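Here chain A shows up in two complexes: once beside chain B, once beside chain C.
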Partner chain A sequence: MYGTGLLKGLSVTLRHMIGTFVTDIRKFPRRYFTDGNHPTRSPEPYLHGTFSIQYPEEKVPMWPRFRGPLVHLRDPETGQPRCTACGMCERACPHGCIKVEGEGKGKERKPTRYEYNVGRCIFCRQCVESCPFNAIELSRFYELACYDKDTIWDLPRLLELGDKEVITEQGQFWGET
Partner chain B sequence: MENIWTIENLWNAIGTVLRNWLAGFLPAWLVTLIMDLLVIVVLLAIGIVAVLVLSFMERKVAARAGDRYGPNRWGPYGLLQPFADAIKMLIKEDIIPHVADRFSFNLAPVIVTVGAVMTYAVLPFGRDMVAANLNIGILYFAAVGSLSIIGLLTAGWGSRNKYALISAFRAVAQLITYEVPVGLCIICVVMLAGSLSTQDIVLAQQERGWFFLLMPGIFILYFLAASAEMIRCPFDLLEADSEIIAGHFIEYSGMKFALFFLAEYIHLFAGSAMMVTLFFGGWLGPWLPSWLWFLIKTFVVIFVFMWIRNTFPRIRIDQVLKIGWKVMVPAGLVGLAITGFVDKLIADKLIAGVVLFICNIGLIIGVSYLMGRAQRRKEMAAEGAALR
Partner chain C sequence: MSVQIPPTERLRTDTIEINMGPHHPSTHGVFRMVLTLDGETVVDLEPRFGYLHRGIEKTAEERTYVQNVPFTDRLDYICGITNNWAYALALEKLAGIEVPERAEYIRVILGELTRVMNHMLAIGFLWNDLGATTFTPVVYAFRERERILDLIEMAAGSRMMPSYIRAGGVVADLPEEFMPRLQKLVPHLKRFIDEMDTMLTKNEIFRARAVGVGVLKAKDAINAGITGPVLRASGVKYDIRKADSYSIYDRFDFEVPVHTAGDVYARYLQRLAEARQSLRIIEQAMRDIPEGPVTSLPYKQLSRLKPPKGEAYGRIESPKGELGFYLVSDGSNKPYRFRIRSTSLLNLTLLREMCLGHKVADVVTILGSIDITLGDVDR
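Now for the complex of A and B:
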């Protein structure tokens, strides 16, 4: 019968409308809230229900090879930064956004000052490739908006971010092996 | 006097108490004047509240149909969003184009809004709850409802913008086209009810059953024609964003734009309310107070309009006019003839209702068959042309 296609279209939209409410009820208490940094939604598309991600409350996990800002890693045994201030990353950086100063000789050498200008960084990962000690890594952190132009991050901050953001375990860095 | 304070006639009781209090220290003519002005203020308030609710509802329904949440940031579940929208509209800059015809440019939103609000006068919000129980209520509604066409034309002319003018042309073409089937459907209802008064039509449905059940074919016709009258999708050619940007209110900003917006949603509410009055038994219903029944039915109809808006794409202007003149007007005339004969020839109301129902189903099937045949012939002709 001519015109039944209209009813079919109406049924499709109605099913979608009802589907959003059904999924809302199913995950009722966790609709707007998340605990900590863990996302409640997987980025896979849903067949039914809303696909919106309520951004400040819900976050999409970044994929493993995402290039965020630079972070420093700790030696898991001693808890000290692995960096020996060799300066390879400083030399590899095409934008000159890394500045390293260190003291000591050989294995005792430690960085005294490590400045990373995230505002100039292009996330090319050259520094990570060049590091002989696997001391630095690119994080999956992406909320870089800030209220002032002071975008130079120092060593404690990089270490703190490294503790928080890098989920990969020791020896399982991407792109190596 | 002691049992006026029921939920059923809550609003009438408030009115009576206020009138008695005013009559204590004011002359009679002043009391009448104040009460009439108060009714106008209340109707305006209903219009504005309807706009706040409907704009929110529209966005939520659109969002849910598209698997989204809609506004949910300001207030619980985004309930305060319409107020934020209203404030934004009020504080926007009011721009008048240099080349615009200032008089008609400024007059247009007023005509449109006033024409929309005036239709509220005859809406039966509940038992004994109609602002003016005119004995020509439906006629008044149809006449005043099409007053806004003049406003749209004024807006299109005054803006001096080609898109606005195209929209004004379309307004005249489309709204006048669909005035005819709307009128034919209304005449069918009026013949069954035997009165033009909205209250009498509702009471007639108490006697004979909802006219939606008696005349489903006429109802579908009225629904489509009314959605064209209310400039709702898929007939919203006047404001087709993809073709003529926003139509007649392209040059408007700030409060004047808000007035057009207001008129659009007031029309939606009034049209849905009139549909409920004509076909769904108005305020009739068990248990709940009559005005609540009226609101519930109206919002269900409005939801259906929004549902359709979020389902179907817009059709072309020539298709709109073609459907209007080639399908709806003949179908309306046939429906009118059926209703007239059945109502006149069969005295018993129950049998008349059953016969009317069967005839209407036949009308639906017949129109559907003829449209399908026309479509098939067109396809065959196209195939033949391609083969040649």
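Now for the complex of A and C:
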């Protein structure tokens, strides 16, 4: 009969619509809160229906490996940056968004200037992988919109961001690489 | 009762030339078509592209082999994983790099997930292009895509720009939560494909708009170098996974579905069938995946890689068709030539022939059924 295909298709959408309400009642008050107050990444088990995460108030946690902007790590004993301004990250970056200047020789070498242009960064993580001193890592920040063009971040700011993030070791979520 | 009008007294009409795009929402990006219309019938069509040209091929010649991996993500930005894979294959051929067993399985799993995702999205967008007053199919497709992207993000750290597959293996081993989630996801995706099938396949409006529209003959398709689901929907059983088996595809039991009609409807059915086969491959790979190392070439060695002088062409069956990278090495750490045989560009070449004689609304449908990504067309 003409039109059965249409009706059959519409039954799928109808099932989803009803499923939304049924699941909402079954999972009262919030279907996507599974552990404490944190929404999970994908709602599990896979249920019918739709829901919204109320974004600015509720945030989805990022995966440990999420590649956000670069941060610097501190030496846990001295509290100083581990960076020795060797320039490996500068050379590894495909887009030239890192500029490093340093002074001193050998173990005394410290960065005098470290500029990271987050506006050009593509978050490919090659700087981190090239770093031989365990000094940098990518963070899990993602709200990078800003009102003025302060896209060039310097070393104090990168260290401060690194303190906010709980990463202590390079590649701690990436297995043995 | 119809009145016969003598030919001499017929209303004289002029053809009109209009631009469709580059900002038209149904051109999937910045793509322009110069249409010559007689009334509402297309009498000529000329595709104009290049609006998204970024010069990736030339830029890549100035960067080292490993620095080019993020560029490959940005070609066909719907399926980053398969782009990485094609480049990795070419480089492995060029430098003679071995790939560990586990890495091959990870590649297959993620590559096939990408295929499912791409085909679902293509079907969703096709419906969007048809002007489905229900925006439903594309939203459903996006929802499932997000679940697949979630897994890719878990493994690679980025949803659409994974840079995860590199010469010599993959960047890092899969996280612990990956496999349990994948085991839940695969049956769910199967249900979802069945659901799409129920929802769309027998829809009378869809059939009226899609059956017999944009017919592509097998002979023309072969002559133009069209590959992928578009070619197979025209009745040619050509799949690089079988024809020129790469990686470990010879170990899996799967079929290459073929449809013969070559119209928009056949391409839709083709994508559904291929997505089902991909899930079959994932199930087998999940069962057989061994433990072990995931890369034979850590980053610090890879960044200093200097392949011997020579050339290599690596190709894979990407979700849209044959994707190849042709690399020429002059012995330095940068490629001398970095050529991309992009799928979308070649699949677009017969757009004019497919569209002639159809209405304007069908042009949108035909373009949607070819499934192009402008990042891949223009590079």
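Keep in mind that, in the parts below, the second predicted complex is superposed on the first by the 116 of 177 C-alpha atoms of A that agree within 3 Å, B and C clash if a C-alpha of one lies under 4 Å from a C-alpha of the other, contacts with A are read in each partner's own complex, and residues count from 1 in each chain.
Note that contacts are C-beta pairs under 8 Å (C-beta built on N, C-alpha and C of every residue); 3 or more make two chains touch, one makes a residue touch a chain.
Bear in mind that the values here come from a model prediction, so they are computed numbers and not experimental data.
Asks: Identify the partner contact of A:Phe51: answer first if only chain B is touched, second if only chain C is, both if each is, neither if none is.
Replies: A:Phe51 contacts chain B only, not chain C.
Asks: Going by the contact rule set out at the top, does A:Pro94 touch chain B (first), chain C (second), both, or neither?
Replies: After superposition on chain A, A:Pro94 lies in contact with chain C alone.
Asks: Is A:Tyr2 contacted by the first partner chain B, the second partner chain C, both or neither?
Replies: Both chain B and chain C are touched by A:Tyr2.
Asks: Quick one: is A:Val22 in contact with chain B, with chain C, with both, or with neither? Answer first, second, both or neither.
Replies: Neither partner.
Asks: So in the superposed three-chain picture, is A:Leu14 touching just chain B, just chain C, both, or none of them (first/second/both/neither)?
Replies: Only chain B is touched by A:Leu14; chain C is not.
Asks: Contacts for A:Leu144 in the overlay, against chain B (first) and chain C (second): which applies, first, second, both or neither?
Replies: neither
Asks: According to the stated criteria, A:Ser130 is in contact with first (chain B), second (chain C), both, or neither; which is it?
Replies: Only chain C is touched by A:Ser130; chain B is not.
Asks: For chain A, which side has the bigger count of touched residues, chain B or chain C?
Replies: Touched residues of chain A are more numerous for C.
Asks: For chain A, which residues belong to both interfaces, chain B and chain C?
Replies: 2-3, 6, 9, 12-13, 46
Asks: Could you pull out which chain C residues touch chain A in their complex?
Replies: 63, 66-71, 134, 136, 146-147, 150, 153-158, 161, 163, 171-173, 175, 181, 184-185, 188, 195, 198-205, 207, 294-295, 298-300, 303
Asks: What part of chain A is in contact with chain B in the complex they form?
Replies: Interface residues on chain A, with respect to chain B: 1-3, 6, 9-10, 12-14, 16-17, 19-21, 46, 49-52, 54.
Asks: Using the touch definition from the top, list the residues of chain B that touch chain A in their complex.
Replies: Touching chain A: residues 61, 64-69, 72, 307-308, 310-312, 365, 368-369, 371-372, 375 of chain B.
Asks: What part of chain A is in contact with chain C in the complex they form?
Replies: Going by the criterion above, the answer is residues 2-6, 8-9, 11-13, 41-42, 44-46, 63-67, 92, 94, 122-126, 129-130, 138, 171, 173-177.
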